[in-house]
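By letter and in written order, the chains are A, B, C and D; residue numbering begins at 1 in each of them.
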Amino acid sequence: MSMGAAETPVGVKLVSHFATVEQQKRAAVLGMWAWLLTELLLFAGLFLTALILRLLHPEAVQEAARHLKFWIGATNTVVLIGSSLTMSGAIQLSRLGWPRGMVRFMLATAALGTLFLGLKGYEYYADYQEHMMPFLGDRPYELKDSPPSRLFVNLYYVATSLHGLHLMTGITILLVMTWQASRPGFLAAHQNRIEIFGLYWHFIDLIWILAFPILYVLNR
Amino acid sequence: MFGTDDERRILWRHMREPVLTAGALLAMLGINVALGATLPFPHVWIVELLVASAMVVTILLFSMEVRHEPPLVKLFAGIGFFWVGILFTMTLVDYLSRS
Amino acid sequence: MSSGTITDGPALRDPHTPDSRLGHDADYLHAEHTLRSWFFTTDHKRIALLYLASITAFFVIGAVTAGLVRLALVVPDGQVFTNDTYNKLFTIHGVVMVWFFLIPSIPATFGNFLIPLMIGARDLAFPKLNLASWYVFMTGALFTLASVILGGVDTGWTFYTPLSTAFSNTWVVPALIGVTIVGFSSILTGLNFVVTIHTMRAPGMTWFRLPIFVWTHYATSLIFLLATPVITVALILLIAERAFHIGVFDPAYGGDPVLFQHLFWFYSHPAVYIMVLPGMGVISEIVPAFAQKKLFGYKFVAYAAIGLASVTFFVWGHHMFVNGQSDFASVAFSVLSFAVAVPSAVKVYNWTATIHKGSLKLDTPMLYAMGYIGLFVLGGLTGLYLATLAINQHVHATYFVVAHFHYIMVGGTVLAFLGGLHFWWPKITGRMYIEAWGRISAFLIFIGFNVTFFPQFILGYLGMPRRYHVYPPEFQFLNILSSAGSTILAVGYIFPMVYLVYSIWFGKRAPANPWDAKGLEWTVPSPPPAHNFLTEPVAPKVPYDYPLQARETGRQHS
Amino acid sequence: MNPTDLALQLWPPAASSTAVETDWLILAFTVLTLLLTVPVFVAITWFAIRYRQGEEADRSHGNVRSVLIEISWMLIPFLLTLIFFVWGARLFFISKQVPGDAMVVEAIGRQWMWKFQHPTGQSEINDLHLPIGQPIKIRMISQDVIHNLYFPVFRMQMATLPDRYTEMWFKADRTGTYRLYCSEYCGTDHSKMDGTLTLMTQADYAAWLQNSGAQQGGQAGAGRVVYESYGCGACHDPGAKVRAPSLAGLYGSEVKLADGRTVTADETYLRDKILNPNRQKLAADYKQVMPAFRNVIPPDDLDRLVAYLKSSGATAQQEAKP
């Protein structure tokens, strides 16, 4: 079937308080970057905590890190890199004015994001089975001989669940936008929404690119 | 799944950069995973950290297209990392000099 | 709206003509009348008023608890309240004043109202986001308020671990959740300002034509963006610590309580500049207007704002000299803290130089501004005392610190807030207040403030620790003096609330520019039209283009 | 316990050379502060009068070398204040370098009391007796939250952390009675976590260590720790969930028993009640819920606990918790 036979017009509709479309687009891009700044510092606080834990209790942190599901983490990184690729595809097609292909790429992105969450959920489940959830007070803890290891494992849950929350938000917005984009006229009025959302999605990816080595790899 | 050759060519022209970016990211991830799985030498974390940094820069410059953006956006993309640097450095000044 | 008949732009009109002929259904206050038009407005001016109403309410709550704290300290043996009640009272005072009054005070009201007007924009870049941030603010604030008032929290506004996580039996988690939510409101406001100042300036409005008020708000917004997320994550960890005992701050598992202090002060020290910088912006508008003289050293003052916002991120450790931080870190943080004096000095000396050979009108806003300069100087320099390691070892966590930060926050932020309120009141409401009352209140607040807080410097040096309900009897005299001063201060606060509200209905109608001030906000009618500018705003060639100016050589404004 | 009878004090006493130098530092800093600010205040006031609107005044402006002015008023105050950074840092380092011959006193902070232990083994609660002319190092830790041991008379304080030892040192050079505080907010009775510091000559200190009265005080103080550690307060403190008789002022009072007799609460009674409360000594109007502590509490702890109950401290402590 044909994707681009009828290229739809691409553009951004001017909102009244802006003078020009150019200004409106610049404001949107800058706004998203400003938001991403705050996201970076948010996770930086967690990464700093991980580093301090490593400095205070090197052996315990190493032991805890060896109990994380390294291969699931690695697979999930591959999944997210893939989702970044499909998101880039959606952005490219939005610029070309090929809405149907774009929608497919967006759905693929959401699907990969969901796959990530599914794998993450499975990882949590496996952790639960292996008694690696020290914050559950009434459940025995695998590494109970090394109390400081609890801290790192718990921090891992805080960091990954916060990242998961961001991903879940991303998927929700993406699905809503996919639904909007599947109706005619979207690209003519709101093409830059795809680009702005793309920045967010890539950045969540970037955070994971940092979180994976910091949590799983560096401390082994 | 894409219709005409023409369309495929346009598509590839636009997708080449994202695909190459993803390929580079996967390659770097491969290095890190291999290093993490085998731990070939002590202080391998330095290399792992460098590879992770390279991945971050790749995402910023290529996936997020910062290199095509005006200087202001480049500044905003960089300033956050600078501030993370302040946070880490000044906190480590305390922790590394504790007796 | 019936604004179609206006032919001449406001910039062309004589600024002293009351604009009653414009018809008052054209201005933003009278454009629509329904409740819905207020609570779902996206007009930055109306949102500013929503903020003004809410932070005034929070200020009253904070002030009442402060009054109760001062009441308790009249007697040394703690007979007025139980220790728990006293601890809850000062926690309410701290939490409400810091997070629900001081931080949003000037940015969310005057910043919201004035930034688009000053840069010649229709609105902020993201009007809906602006409204959303008010709702986020109210949600978080009411949530916290409910928990600190209904249940009570006794950790102090600093929430130090392990007291807040493992030992306090009060409603800490709900209070923390509320404060975390309020943080998002700060972030959204900061984001909106940064984007607006970058992208929404009128044609010709270059950076060096912007009023200092806009510069300082830009600097403030950067702090909002760069510091707030760190306290958010610190509070999230604290909540998780309390709810799930994750242990990162809990020494029982090998966690480090000092790490919380690092994360906390990484935000909370810059937060001082979130409170102070906008105040400096207000003063930089008032002083030239009432001296009718160009602001001295404009570029230095502008750069000083950005400088302060950056340097402030390097000094947080001076809160932790005696808290188990390494000695080397203490020395590093101490010397960096002294660097803050540089941009602060720039501001003060430039305001003084602006007054030199001016043509001064000592109206209410100017009185507040002069009071501000005096108190800020005292507060700032005692800050240097605290940054000095040996002095800090003595007065850390004593009343010296309490006096110091009240000179900065009340003397600085609150006086600037009130000065700004009087300065822009005619613009915001279209009415003049009674000048004599304004002057009386300015004097009362200045005197009341000094009587309240100067004795606390002495108390601190004598060694009275802060947050003490029961204290040694030899401190009673100074404490009574301080409490007596707080009653004068309270009267000083009540005055403006009365005569300003009175003026809304009975005040004289205000002309577009009652103070002969420069700046785009004074070229539009009072109150401004719903769409800000009736004609395309024309950026001035030079900022602060007052009749008097020193010929500054060595650089030029462009 | 009244270190000063002055109704209005304006300057705190100093009892070490470091404290005196800190005073000089802050005085000199204040002089500099005045030099920097008084001109500003005078200028603002003078300008406000001189250049008021309508006043005849010379408002002409010559050329101002503003960059030079700006840089000078940025840098000169900064460099002047740096002197005080250096001075402050010097004193700070002195206060961190503990002399080798320092006498080590252990301090433990807990909600809401200080426990001090002398090198010879005697311990004190909240109050501290120390000799002058001898470097003293305080090694401290907290058992719960962060506290902060503060001696205004030495111009010195240091946090006690739950997870590691911190220390401070000083050399007192003046006898007298002064105050000590907890200066880091630590919960309900933070403001009652204070005490007195008594500085005495070395001979007096030696005598004090020998003095049985002081020992007794130490004994009673240690008893309070026992009282806390066995959780006695959970039932016996006023306002506790379990309604048990208040122990405030119990010692020496007449107790009505459930069987109608009245006995005097002497030391034997106290010991018996703790070790085996289930004998026929149940106080009137109370149910028998208290567990027996025979074979639970070691004899020395029992001695301390009884000493605490006998001391006026127990009375004050009980009444202080309304």
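By our rule, a residue touches a chain if its C-beta (ideal position, glycine included) is under 8 Å from a C-beta of that chain, and two chains touch if they have at least 3 such contacts.
All values reported here derive from a predicted model rather than from experimental measurement.
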State the pair with the higher C-beta contact count; candidates are B-C and A-C.
A-C
In terms of mean CA position, the chain most removed from subunit B is D
Just curious, how far off is subunit C from subunit B if you go by their C-alpha centres, in Å?
39
Where the CA atoms of subunit C average out and where those of subunit D average out, how many Å apart are those spots?
35
Where the centres are mean C-alpha positions, what is the separation of subunit A from subunit B, in Å?
14
In subunit C, residues with contacts to at least two other chains:
198, 226, 230, 254-256, 258-259, 327
Flagged in subunit B as touching 2+ other chains are 72, 79-80, 83, 87, 91, 95
Listed in rising order, subunit A residues that touch 2 or more other chains are 30, 34, 37, 40-41, 44-45, 48, 52, 56
Tell me, which pairs of chains are in touch?
A-B, A-C, B-C, C-D
Residue numbers of subunit A touching subunit C in their complex, please.
16-18, 23, 26-27, 30-31, 34-35, 37-46, 48-49, 52-53, 56-57, 60, 134-135, 137, 147-148, 150-151, 154-155, 157-158, 162
Quick one: which bits of subunit A touch subunit B in the complex? Just the residue numbers, please.
1-5, 29-30, 33-34, 36-37, 40-41, 44-45, 48, 51-52, 55-56, 70, 74, 77-78, 81-82, 84-85, 88-89, 92-93, 95-96, 101, 198-199, 202-203, 205-206, 209-210, 212-214, 216-220
Residues of subunit C defined as touching subunit A within the complex
121-123, 125-127, 187, 190-192, 194-196, 198-200, 225-230, 232-234, 236-237, 240, 244-248, 253-256, 259, 263
Listed in rising order, the residues of subunit D that touch subunit C in the complex are 2-12, 18-19, 21-22, 25-26, 29, 33, 36-37, 40-41, 43-44, 47-48, 51-53, 57-70, 73-75, 77-78, 81-82, 84-85, 87-93, 95-96, 111, 144-146, 148, 150, 152-153, 155-159, 161-164, 166, 179, 181-192, 194, 322
Subunit D-facing residues of subunit C, complex:
78, 82-84, 87, 154, 156, 158, 160, 162-163, 166-168, 251-252, 254-258, 291-292, 296-297, 300, 322-324, 327, 330-331, 334-335, 338-339, 341-343, 345-346, 348-350, 352-353, 355-362, 370, 373-374, 377-378, 381, 384-385, 387-394, 396-398, 458, 461-463, 465-478, 548-555
